[in-house]
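Consider the two complexes below, in which subunit A is the common component and subunit B and subunit C are the respective partners.
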Partner chain A sequence: MAMQQHTNEIHLEAQGAVTILDIRGDITAFSESALGDAYRKASEQGAGKLLLKIEKEAYINSGGIAVLIQILAQTRRKDQRVAITGISEHFKKIFNMVGITKFADVFESTELAVQALT
Partner chain B sequence: MQPSASNTAVKIVLPNILGYERIAMACSAYFAQLNGLPPDRIEDLKTIVAEATTNAMEHGNGGRAEARVSIWFESTPEAIRVTVKDEGNGFQNTFPDPDIERIMDDRETPVGFGLFLIRNLADHFAYRQLPEGGHRIEMRIAMQP
Partner chain C sequence: MSAASCYLFRNLPDEKMGALHAVSHLQTIPKEQWLFHKGERAEYIYLVEEGAIELVMPVEPDIEIPVALIRPGNGCVGVGALLEPYTYSLSARCKEDTRLTVIARADIYALFESDPEFGSTVMTNLAQRLLERLRETREEVKIHFMNLIQSATFS
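The block that comes next holds the complex of A and B.
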């Protein structure tokens, strides 16, 4: 079907023992490839603690939620710790509703998340 | 059958293009703001409109390029009402709620989050297969919690 394609820009950054995935752009089913590639790269570099930094204005739909949950499932299998930061109050509510917060704590800032993961 | 004859109702018709649900979201936000829906509920409204529109495009219309999605926005003193209609026959309202524990254990595929969000964020949700073809989802967000 016709679709407006978009891609994510994801930068990897190390802060001590924490690898930050700085995700630019909306998170939808189209994010699967970019997010999967960034996660694989971080894992290959030996990341044991990951922070998903999402833009506050990002549009996250049900397809994006499924992509995030697939990443979380992989982190669980690899025994990696994950946290999330940057999301709006609305998406905090949504992440809580779907159960994402059972597997990744949500923090108000990058600093607080890194502190908690370290 | 039209959802309402209200002279303040707004109707938009979208092509079956994934990504265009953002137009419906923006329209719903402005409509709700003009009609006094609180900001946190506007976010709920945007999410359910996006999910219902995406479902209509992908599943209802089955991705057919020539199909359209029609969306009506109406306001009453009690609620904002949104109706989303597709022109297809692929949509099913039978997905059970996704179970994240089972998904994490690889015992379930991560699907059904769109309907899950609609069921949990809307104050009212009704789904109907239309005799003339297509499906209609009606959703309401109350002005007051």
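The block that comes next holds the complex of A and C.
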């Protein structure tokens, strides 16, 4: 079940000036630690442009949305630019509703997101 | 039947799984159809065999909170059928065409009565899962609270 405690697998990858956080697994409140660690690591490496690449089949519940907002609040304070990719139309609507899209643009593909950030 | 991989029926021996299998049936529900709505009387537990069920908390007519996506082998929906007041605490919608194993509350309670050890194992498994959900909810409240503090501090 998505609510079962789990850890996400997150890989950092650089594409030019963009640091991609490749996030595997459902995003829930239990993702705070893994996502926070990956974000800190990227920031320590000087990342100014971030792409949150969410696995296509992943589910994001209300706890996961709170974690994403937490990360986006930090990126705003550090003047980092952020984009998101991999989410369905369903989650695009939810991201619009909760205001995530005010802080991060959503793209259909990694290529389009990297292009827009570069 | 996916009951063997469902947390509710963990640690049950084969003969008890057989008894459960005897009272269950299969049902197919098309994509986007609601399985049940929050507040309805909970008469059935559902195990996902194929497809996926999304659990949501309705807030307003156009607003719902995403809670979980139940896929084959990772759980069941409708456990409100096991506990008073026997109502569903969330709404459940099929994200895809979904094949389910359905177990009626009356049938599972009849098994509990004829075999208290079966009932004890299932309810212990349920309690463990509800505790896990409570932990997750507390984590979520903590994150929302921190977000509120941060937004108050930096706005």
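The definition used in the following text is that the second predicted complex is superposed on the first by the 115 of 118 C-alpha atoms of A that agree within 3 Å, B and C clash if a C-alpha of one lies under 4 Å from a C-alpha of the other, contacts with A are read in each partner's own complex, and residues count from 1 in each chain.
The criterion applied here is as follows: a residue touches a chain if its C-beta (ideal position, glycine included) is under 8 Å from a C-beta of that chain, and two chains touch if they have at least 3 such contacts.
Not measured: the values here are computed from a predicted model.
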| Put the two structures on top of each other at subunit A: do subunit B and subunit C fit, or clash? | clash
| task | For A:17, select first, second, both or neither according to whether it touches subunit B, subunit C, the two together, or no partner. | result | neither
| task | Mind working out whether A:112 is in touch with subunit B, subunit C, both or neither, as first, second, both or neither? | result | neither
| query | Of the partners subunit B and subunit C, which touch A:102 in the superposed model: first, second, both, neither? | reply | first
| In the superposed arrangement, does A:89 touch subunit B (first), subunit C (second), both or neither? | first
| task | Quick one: classify A:32 as touching subunit B (first), subunit C (second), both or neither. | result | second
| Stretch of subunit C, among 9-17, 81-89 or 117-125, that runs into subunit B once the two complexes are superposed | 81-89
| Residues of subunit A contacting subunit B in one complex and subunit C in the other | 1-5, 59, 61-63, 65-66, 69-70, 73, 94, 97
| task | Under the touch definition given earlier, write down the residues of subunit A that touch subunit B in their complex. | result | 1-6, 59, 61-63, 65-66, 69-70, 72-73, 76, 88-90, 94, 97-100, 102-103
| query | Inside the complex, what are the residues of subunit A that reach subunit C? | reply | 1-5, 26, 28-30, 32, 59-63, 65-67, 69-70, 73, 77, 94, 97
| remark: Note: in the complex, subunit C contacts subunit A through residues 7, 54, 57, 63, 65-70, 74-75, 129, 132-133, 135-137, 139-140, 142-144, 146-147, 150-151, 154
| Residues of subunit B that touch subunit A when the two form their complex | 15-22, 25, 40, 43-44, 47, 50-51, 54, 57-58, 63-65, 98, 100-101, 103-104, 106, 110-111, 113-114, 116-117, 120
